Amino acid sequence: MTAGYVSPIEHIIDRALEEDLGSGDITTSAVIDPSTEGTARIVAKEEIVLAGIEFFSMVFSRLDPEIIVTSTYHDGDVIPEGADIGTVKGSLRGILSAERTALNFLQHLSGIATLTRQYVAKTDPSRVRVIDTRKTTPGLRILEKYAVRKGGGFNHRFGLFDGILIKDNHIAAAGSISEAVEKVRATAPHTLRVQVEVEDITQLEEAIGAGADAILLDNMSPDETREAVAVARGRVVLEASGGINLETIEEIAQTGVELISVGRLTHSARSVDISLEVI
Amino acid sequence: MTAGYVSPIEHIIDRALEEDLGSGDITTSAVIDPSTEGTARIVAKEEIVLAGIEFFSMVFSRLDPEIIVTSTYHDGDVIPEGADIGTVKGSLRGILSAERTALNFLQHLSGIATLTRQYVAKTDPSRVRVIDTRKTTPGLRILEKYAVRKGGGFNHRFGLFDGILIKDNHIAAAGSISEAVEKVRATAPHTLRVQVEVEDITQLEEAIGAGADAILLDNMSPDETREAVAVARGRVVLEASGGINLETIEEIAQTGVELISVGRLTHSARSVDISLEVI
Amino acid sequence: MTAGYVSPIEHIIDRALEEDLGSGDITTSAVIDPSTEGTARIVAKEEIVLAGIEFFSMVFSRLDPEIIVTSTYHDGDVIPEGADIGTVKGSLRGILSAERTALNFLQHLSGIATLTRQYVAKTDPSRVRVIDTRKTTPGLRILEKYAVRKGGGFNHRFGLFDGILIKDNHIAAAGSISEAVEKVRATAPHTLRVQVEVEDITQLEEAIGAGADAILLDNMSPDETREAVAVARGRVVLEASGGINLETIEEIAQTGVELISVGRLTHSARSVDISLEVI
Amino acid sequence: MTAGYVSPIEHIIDRALEEDLGSGDITTSAVIDPSTEGTARIVAKEEIVLAGIEFFSMVFSRLDPEIIVTSTYHDGDVIPEGADIGTVKGSLRGILSAERTALNFLQHLSGIATLTRQYVAKTDPSRVRVIDTRKTTPGLRILEKYAVRKGGGFNHRFGLFDGILIKDNHIAAAGSISEAVEKVRATAPHTLRVQVEVEDITQLEEAIGAGADAILLDNMSPDETREAVAVARGRVVLEASGGINLETIEEIAQTGVELISVGRLTHSARSVDISLEVI
Amino acid sequence: MTAGYVSPIEHIIDRALEEDLGSGDITTSAVIDPSTEGTARIVAKEEIVLAGIEFFSMVFSRLDPEIIVTSTYHDGDVIPEGADIGTVKGSLRGILSAERTALNFLQHLSGIATLTRQYVAKTDPSRVRVIDTRKTTPGLRILEKYAVRKGGGFNHRFGLFDGILIKDNHIAAAGSISEAVEKVRATAPHTLRVQVEVEDITQLEEAIGAGADAILLDNMSPDETREAVAVARGRVVLEASGGINLETIEEIAQTGVELISVGRLTHSARSVDISLEVI
Amino acid sequence: MTAGYVSPIEHIIDRALEEDLGSGDITTSAVIDPSTEGTARIVAKEEIVLAGIEFFSMVFSRLDPEIIVTSTYHDGDVIPEGADIGTVKGSLRGILSAERTALNFLQHLSGIATLTRQYVAKTDPSRVRVIDTRKTTPGLRILEKYAVRKGGGFNHRFGLFDGILIKDNHIAAAGSISEAVEKVRATAPHTLRVQVEVEDITQLEEAIGAGADAILLDNMSPDETREAVAVARGRVVLEASGGINLETIEEIAQTGVELISVGRLTHSARSVDISLEVI
């Protein structure tokens, strides 16, 4: 049943449909009879971590509520190359008109989940979390952060409104880390932790002294990061950040930080290969 | 001056700002005084093909019309690693609040232009065009197609409404290529060409015989593609398509087709590294 | 079942309902009990070509999904004066509140279809197509172009984005027809034909020489049009355009052009007389 | 200066621009340089009553605030055939891209004003008002009612929310005119008059007895209308309505009613001929 | 069944849900399993006049159409302290996520109805109506005016568009009451009454002489109000207005005016205490 | 200068203008000439804490950017009865059409700030913060939370998305406080604190043991609250909540809790009396 309230994700899907359909699918409406039914297989053309199967399904059902997508897999599952992910059944017109949009979501989000899984595999998840950043594709953040979770990662704050992160420019404008922390504490809701970005051990110590709850270690080498862990002594949450990639994450993960944020998860994941094959 | 009409691109920018700002930038509004002004340099951290500098500027100016972005470069320019792309001047609050959103656009679009340039560089642009597909990031098609052009590529149809492409499922449902072409011709505006996707030379001949204006050669090898060129004898526009990458494009480009479409341009370009450094 | 995605036509219908209902139908909500059911006949008060019965139905069902419209006719049917087009059944409140909006759509669109049929009747449809223009009522183009098709006409491009038409001002700005065509070819997707508006035979020849796919003959007399047909020798699609009316279309249709565009179809059709009679 | 608040009329204009521009004006952006300026004359190709020159101007300025429309005429003025209505100056790209949309508004609204003037000319405006109905083009009511006023007509209620009109079906459902009036009086704001539609003199007397403030005489002949005027003796406002055209309005206007409503003003006015000629 | 058309009230509900849910209910989605069902009692913690139970229900059903709200009470009922108003059944996730938003509507609207009932109780409803004003909470007018009716009050005009009220500044600008009335009569639809705000008996007489249909007596004492009633002699509708509260309404109600408008009904009603208790 | 991006607050203002203006201000457009200018004083009719003067100004400037509001006061200032808050200058049409909407915002928000100040005055702000809740008027939360701050209060989380609060129903569904905290910690971003609602000291101890960062003491008496403070020994942030009013807040404030949340600040503040007087 369709709820009246259009959720943020449904808004994104509807805009994607509008973008592709515009005034209508000329080819399909000329060639396919409205009464023709069809079935299509969703096929993984390479090994993937699935993410977005529900949104894939919503693309079809928002266009035509009688198109049904079924799948035996769930988001987060690893799907071997060549496997059938599921099927799409219903009006052939609707299937063909929504196909590309639905695949664009599924391939993009599964791409992010698949890449995230690779990062997580280089770490010991019981000791460190791989987290995302705000370096997401404009307009798709809610979906991309979901895909990160399905790949075994975790989320940083969603946006500027639900988390506090005092960065270098804030510190410069406030005069010092302490003054910046104080200004934030003077107005921020008690439900939010205060995180400070630091560039060296001196700043780290100042931030801890100022009462920060969490610290972002900006572009520190593994050695510096280890030193930061030693200095912090568990008093604050430590996040390693900056230019971390599949080659460097393993060493960073062993420094003892709790969090490693990786922009690449969302800004540079390639789409994975998934196709829809009408039977 | 702000026009009243909100263009499709401005809609995309506004939704990206909403996504990141939500109920407000808590950190910046607590720490930065509303009257503080600032200037920031936009720095290319690697060699890039620039795309989206105007949209980058619009992110700031839609939030605060007094923030001014200046640049001596234009979209399509190759910018060397380390170069200053331009500057952002105005209210420091506005600069910090819009920074991430603006960079997300610029890094994503320049990433597409940079990758497109690499594909184009493998071809002789006077003889063949590298074109995009509908495999774009949901909601960003108008921008991504722009970035492809700035990288030296060209655009395929925008969506399902402004171009005709008869694919395998249309052919199967219509009964034959000829019947599909006839059905489309019976209703389509005369302003649109009719393109048919074919999988082998037999289908190619049938499509030409049916009066197709353009042909998409689906996943053909270089040898098959050459044969298709020979068969077509210039009677139709030929587009090579399917799984073409930086390794394979050169050979395809030499077969004599006019168009090579590459999904990777938009669905798998990584972001390039650009940063904003407040002075 | 209601799809979540609101199509362009549904948007138009919803805005029309909003326009008429505002904060509510004061009279009906004061006088009619919410539980009262009703049935109404849809009556053609003159001979019409029906267009928009599905949209008429959607006006009611979007307001109240339990109101059912049934009809034995289909869009495109000629309906004799006095005939019952169908019935509307359901909540009397909903029927009365949506009645005027629903009729406004049906009378307007059937008016266009009825007028289009009159134009088409003056031609031999196997040899020439009567087509519409962009001279449509603001906001209703998708519906009016639909009505033209139901009257036996065909559509020109939908808007500025899905068809190329080089007009006099484009030619003047480019310097010549050849330069204008070249500029368009240099950027336009291969899926679009290039059409050029010409005012005389010299321009026609220049346009054909420049590689135009289609030509709009602007305000030519029947004699000039015949000459244009002779000059073109089937190399391009020819469209006669400009001030054509029910008196002049017959002669133009016999000149040999393939297309005759008529602005009057959409900008000057009168509403036909259809009423809703509650039983 | 652009106000932030988008008025209902601006919404209509923006949707019309979106409809025509979609993803962009392909022809103009390929051929016309962004820096080219132009001037165009707005020419009346027949005698018209002008309506909508400000909305015509807004179409351009909402797309590009630096395009300036000037005119020495005002809405409501009669403009002779061949006269220059005014000029449009600014970016040639913007002028060409907005031209058709702007003209569609101006030709449609001036068409309504011109037709309204013809109806008004058949009456003595000091004694009777020609008024419009809710039989307007979906989505354009606010503009069409404006055009009626500029043609010398007056407006009936805007929609179902700002006026009370008890029609036959309301009466049938309520049981009698008196009961319907009573139900409406029991809830309606005191700022609204109560109007009742009647079909004969008996109903007229019942409605006046029930305390109606105004009466709609539905489809009455001139003789019946005269009798109604005699019966009413000025106690209520009388509106003649139903099928009135340019042939019949004169006689109806002489019966003594205060108001004559004419659906044709808005549902069947043809566009007038106005063109934009770039100099 | 969900109608496609989103009514003004549904728009308000959806925006309230968006406001509270944003990118999602973090706590509930982490803790509550999607398959868990629940039931909650709606409890009146004080004696109230119920208003908004249907909107309360819509908050849940728009989020999740399978959540069902049942109640044996109707809007307008007086509910004793401690009574169960009804129950909410369905997905526990949906119930917890929508709870606060749904209660915010119900407590606010029942607060208005409860306060309105207190005002009405001080009057003889067969002789005088307690009416609201435009002093409503921005964005909630349609709901607040509904709540006033459920408390036994009546509505003034909805906004500036559906009622005429000539105030002091209008009179000053027009030059006199007569001139202001004349200007309004010259353009206003016949479906609207003309009401004039007056400050003393002289103005009252001028307004009646100018043909006003209704008069707003601005801030008059009970004695002045009585005099106004005597002067008016039933020729116009009289509304007492300005600073009337629970202490003063009784005396005003006995002056003989037909209407008493009270801004406090909507701008200063406190929320009543209603809670949702999951069983 | 108008920014293109419409902020959440501007959206609220625009909807309020739409609500009141609808198809237009009939009275003002009939009576006031478009060229007439005016000036009005904003007068405090009682002592108030000002909140919303910028939004008051935006109501006018979004309708007409040339209307200028000036004030020597700032939000948060205490303004004595009878004082001039500022002036409004510009088109008289615009001033009269926007007056009621602008005042509705200013009176409502200043009402909240004024009430908040009364609560804060009963406490020692250096030791305890008076905070708001999610019991806000639907659609106005961002403004009402602003008004609370201007009255000297502080904000709790904005909505369900930017703060974690584990309530009784979450605990019941999870099985225990510890399990609920663990589930939340397993997925929530590190930028958010975890707050738990407890009903007695046993639960308080369990929550602290489970690692909660903050505790909401639900409906505890002053004695219980004091005991909670003693038990917590500064390890967690303590918030007193539930039915606190102007009579009880003083004693609660002396118990040693850091936060006192008061629903009444937003759900039951009356509007203060402010008027606009055209000179």
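Letters A, B, C, D, E and F name the chains as they come in the text, with residue numbers starting at 1 for each one.
The rule is short, and it goes like this: a residue touches a chain if its C-beta (ideal position, glycine included) is under 8 Å from a C-beta of that chain, and two chains touch if they have at least 3 such contacts.
In this text, all values refer to a predicted model and were calculated from it rather than measured experimentally.
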| item | value |
| --- | --- |
| Chain labels contacting chain C and also chain F | A, B, D, E |
| Interface composition of copies chain A and chain E: same or different, split at half | different |
| Repeated interface matching D-F, over half of the contact pairs identical, chosen among A-E, C-D or B-C | A-E |
| Computed distance of Cα centres, chain D from chain B, in Å | 45 |
| Inter-chain centre distance, chain E versus chain F - centres from mean C-alpha coordinates, in Å | 22 |
| Centre distance in Å when chain D and chain E are each reduced to the mean of their C-alpha atoms | 33 |
| Of all residues in chain A, the ones touching two or more other chains | 2, 6, 13, 22-24, 142, 158-159, 161-165, 187, 192 |
| Residues of chain F touching chain A in the complex | 131, 149, 154-158, 161-165, 187, 189-193, 195, 213-214, 237, 239, 258-259 |
| Complex interface listing, chain B residues touching chain D | 1-8, 142, 158-159, 162 |
| Partner chain D, residues of chain C touching it in the complex | 12-13, 15-16, 19-33, 36, 38, 92, 96-97, 100-101, 103-105, 107-108, 111, 134-142, 158-170, 172-174, 180, 183-184, 186-188, 192, 263-264, 267-268, 270-271, 278 |
| Chain E-touching residues of chain C, taken from the complex the two chains share | 2, 6, 10, 13-14, 17-18, 22-24, 58, 61-66 |
